[in-house]
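A, B, C and D are the chain letters, set down in written order, and residue numbers restart from 1 in every chain.
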Amino acid sequence: MLKTEISGINFENPLILAAGVMGSNASSLNWILDSGAGGVVTKSFSQEPNLGYSNPTTVAVEGGILNAIGLSSPGVQNFKKELALINKSNKDGQKNIAIASIYGSNPDEFSNLVHNIENDVDMIELNVSCPHAMSGCGAAIGQDPDLTYEIVKTVKNASSNNIPILAKLTPNVTDLMEIAKSAEKAEADGLTLINSLGPGMKIDIDAKKPILSNKFGGMSGPAIKPIAIRWVYDAYENCDIPIIGVGGISNYKDVVEFIYAGAKATQIGTSIMYEGIEIFSKIKNDLKNFMQKNEFNSIDEMIGYSHKN
Amino acid sequence: MDKIINNYEILEIKEIISETNTIKTFIFDWEMNEDRTPLPGQFVMIWSFSKVFDEKPMSISMIDKDKNEIGITVKNIGNFTANLHSLSAGDKLGIRGPYGNGFNTENIKDKNILAIGGGVGMAPINCFTNYSKELGGNIDIICASVTKDELLFSNSDNEINDNKLTDKFNKDKATKNIGTVNVFTCTDDGTCGFEGYATHRTTDLLKYKSYDMVVVCGPEIMMKGIFDLLKDKKIPAQYSMERYMKCAMGICGQCCVDKKGWRICVEGPVFSNKDLKEIQEFGKYHRNASGLKEKY
Amino acid sequence: MLKTEISGINFENPLILAAGVMGSNASSLNWILDSGAGGVVTKSFSQEPNLGYSNPTTVAVEGGILNAIGLSSPGVQNFKKELALINKSNKDGQKNIAIASIYGSNPDEFSNLVHNIENDVDMIELNVSCPHAMSGCGAAIGQDPDLTYEIVKTVKNASSNNIPILAKLTPNVTDLMEIAKSAEKAEADGLTLINSLGPGMKIDIDAKKPILSNKFGGMSGPAIKPIAIRWVYDAYENCDIPIIGVGGISNYKDVVEFIYAGAKATQIGTSIMYEGIEIFSKIKNDLKNFMQKNEFNSIDEMIGYSHKN
Amino acid sequence: MDKIINNYEILEIKEIISETNTIKTFIFDWEMNEDRTPLPGQFVMIWSFSKVFDEKPMSISMIDKDKNEIGITVKNIGNFTANLHSLSAGDKLGIRGPYGNGFNTENIKDKNILAIGGGVGMAPINCFTNYSKELGGNIDIICASVTKDELLFSNSDNEINDNKLTDKFNKDKATKNIGTVNVFTCTDDGTCGFEGYATHRTTDLLKYKSYDMVVVCGPEIMMKGIFDLLKDKKIPAQYSMERYMKCAMGICGQCCVDKKGWRICVEGPVFSNKDLKEIQEFGKYHRNASGLKEKY
């Protein structure tokens, strides 16, 4: 009943762990898969190891948090070992879907990464959207339609096994649809919308300084949901590739809202902080009840429902 | 959502106590509100925003509910801690917390407890023993360090600095005042108390006395030693773990450990021996800020 | 102690009513001025009357609201009569500052508006940033650095009495600093940062539809503060003209945060919904106490404080 | 921040009652939670999202705390209301509220109250009188409309349809049961009860009886008439106002009135005669959705 499919990959349910949240370690990814997630996205990783920014790297704001972890990563050679440890199925015997999130600053880095890991995971998500990455990475790419096109195209060509490629985009642009269409034209297999918002800043008035060591950090959590819903809704009308909705989900209602807006699946990040990893099983249950009450037999029937008059 | 304490409070350092050449205790005024009243074994995040700009986890080493104070006890081992040591009373730090699960102190009354602290690992142990004393626990502390000058929180009416145990111990054992705390010092170089490792001292003590519970904090190698030592004994034990931390709120995943994936900042930092068995990396390796494994 | 100055205009305190909130009527503006605001911005108005969008025009979201009022306006000829009724001083005899917010779709409309009202108010704020305006208005201008330049320049030239002109900008752009610099180059006298965020969308999962009749609406309220603070902080480093900070202010701490980020004054909108119009007197009091405790003698000493060191 | 009820609940229409040719009452299940328990005179925002997509304020005309129901009573006068009239039980509407200040019903026991409702203005009046009856108020209602068929909520054991008052009234006055409600009908065309305006009927009644309080809802011109009539009398009166509304949450400013600037949705919709004196536009003009003034 909860199954959903994205470019040939079948998910047991539409609840996927978002990139960068408890995703640096195969053990925590397996824990979350066992707890009921339909899939997991790893923390974004790169060619070379990267320590990220120094602390403070996260700070609470109204309705969510700011983070400037700074894409810390042990580098692909080390992270490949973690990928190998992600279980193929969960404790209930259901198939796990593992999505690797990768980032780099140029086409070469991206294609090397793809070569390296395409046989270790089920899908690859391109992080061209981190709002606090070092120069040349993250949103620096995803804010430019041509660069986005180039990276997606390169990655698609680099893959020898035609692994599905998701482009994760940033809302911090004048016109996200322009970027989304570029990614689609470059044959991305799906869009992940949205990465964290802003970036934003919090100044501590007693310390009289921005709290994050990087000063700025991407905003996530319940407060950014309206922005994410808007872009998913727009992308559903403007693009033909599948959409994964992410941003501020904390309960089944939010999941339904994203699916009605046009998402085929959703990702959950920050709310784990408030709800614990039980959030996956809880939403799964609630979602099933909702569907039964509303006489839906499949997620498919719900996708994009709010566009139908 | 409001329950999570993730906002800083900027507090003046009320008092600084030099504990050893390399260790200082910092005292802060702390309102004991519902969400904020700490338990021994919990930690806070300390944000330094002048000179050195960084933030690190520190165990709570002192809780005074009457005076509304808490303390942290910091060993000067690097950039961040050196900076803390350079501060004076009146200087300000950001504090958020308390975080994590503290030591389980249920049904502690009249129980024989062995508390083992190595180096600055005595910080949460000190907090625990003061707390448990009030609950009527009967506590023996093994206070271990490399050398005499580095012994932390060893001062006590019942400080036991003999290298050999037997007589003195038996006498104390006989007294058995409720809430009595015996401190058994132990140094690698034998400059005070027992000469040798905390593991050896533990083995000794276990010969003379049976304990209902053991709590441990110290270098992971030391904790691993104690863990192995107690493996076959049926004594419930609790260990306070450390891992590199970023968020301390259970989101970044930096502090997750193999193979259960548990977060030290949420599911820990204190684990029972039963749970610790599941932490396969315990005593073997930890991850640095990039996520790279580093062997012990 | 609370006085602040923006391009020659002296405010009794740095708390100004934001555009579009209780600002359609001289009576409510006077009420708010009497209640302690240092100044007020009117609801944005245009050449011709405009009914705006039909209801629902506002909807609550986590940490704020979405609105798509749609820039309803009785047109300048009618609104001029309201402007004439704004009191010159408040009930305590302090000078009131009235700022007219205007919008249009081309330079001519803007310059006509300026001609019409430049003698009726103390300042003019250009709304080139509404995220839900009809095509050609609002953010359609403020998302384009050249159009922004052109409108600001036109308005500056149109004014015969050199009335100070504030450019109110939208955060919904890839690079707000590019727009801010354009406005500065065109000799705007100040920047108002930020207009509402997004737009965002809320879908009601029982109705299965977007709630707002316009589907999308600008997000405001406490949740958008980190984004506003970030842009004020950036603008303080990148521009030399005064900044008015707006977005999510609900207490004196927020005001201090904006001032430390670099704002010379602030505007308050959505929080009136939660706090009532008493918010102005309350913040005034709290701000004074804060300044005394922290030994500040003037707002000036606090401006941009978080950039020092 | 959580106190504000600004989220819709999508509710099925439980029952529709045809009151007159042009007026229907819609009943909804409504949980009487703390924030949601309405008072007479408060209103809700009704969101229609199928066929006609719009949202308008409607007074609450019925509150049943035992059955957990509320009702609104709607006159078909335009696009939105015509669509509501086309709905059936089981159809869904969005509702948010209750909003605004209701009628003040303090110390109403044993008091003589005159409640005046014109046309669909009887909606909040009906709600008020049912509520006040239970509090032990002694209520006379002037139920006014253009013609007999349009009389709303006039049915009552004590419906008084005589054109002339005197005898009947005196009889009722004598009975004076606590909680009795007398309904004095009044039509412009004299097809039922008194022939003429509610103002005239009021003048009549005031000759026979003294009232401790008057509550009024109806077309603004009618309310202005009553207001002028009562100006010199020392009877506390309350009036329920209408203005074009967008947010109903006190933010958009659409419903602000001259010269105090008060928001009808927050400071209103019910105002005492004392406050109403300050609303200079009362009976003179109102503003349309663009903010343009329109004369009455």
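Just so it is clear, contacts are C-beta pairs under 8 Å (C-beta built on N, C-alpha and C of every residue); 3 or more make two chains touch, one makes a residue touch a chain.
These are the chains along with the protein names UniProt gives them: A, C = Dihydroorotate dehydrogenase; B, D = Sulfhydrogenase 2 subunit gamma.
Worth saying up front: this structure is predicted, and the values here are computed from it rather than measured.
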Chain centre separation (chain B, chain C (Dihydroorotate dehydrogenase); CA means) in Å: 52
Approximate Å spacing (C-alpha centroids) for the pair chain C (Dihydroorotate dehydrogenase), chain D: 38
Overlap residues in chain A (Dihydroorotate dehydrogenase), where contacts from two or more other chains coincide: 209, 222
Chain D, residues touching no fewer than two other chains: none
Chain contact topology (line, ring, star, complete or other): line
Touching pairs among all chains present in the structure: A-B, A-C, C-D
Touch list for chain A (Dihydroorotate dehydrogenase) against partner chain C (Dihydroorotate dehydrogenase), complex: 61-64, 66, 143, 172-174, 197-203, 205, 208-210, 215-216, 219, 222-223, 225-227, 229-230, 233, 248, 253, 256-257, 260-261, 305-306
Chain C (Dihydroorotate dehydrogenase) contact footprint on chain D (complex, rising order): 1, 4, 6-8, 10, 45, 47, 49, 53-56, 92, 94, 246-247, 249-254, 256-263, 287-293
Chain D partner contacts - residues on chain C (Dihydroorotate dehydrogenase) that touch it in the complex: 20-32, 43, 49-52, 54-60, 65, 67, 69, 72-75, 78-79, 204, 206-207, 209, 211, 213, 222, 269-270, 272-274, 276
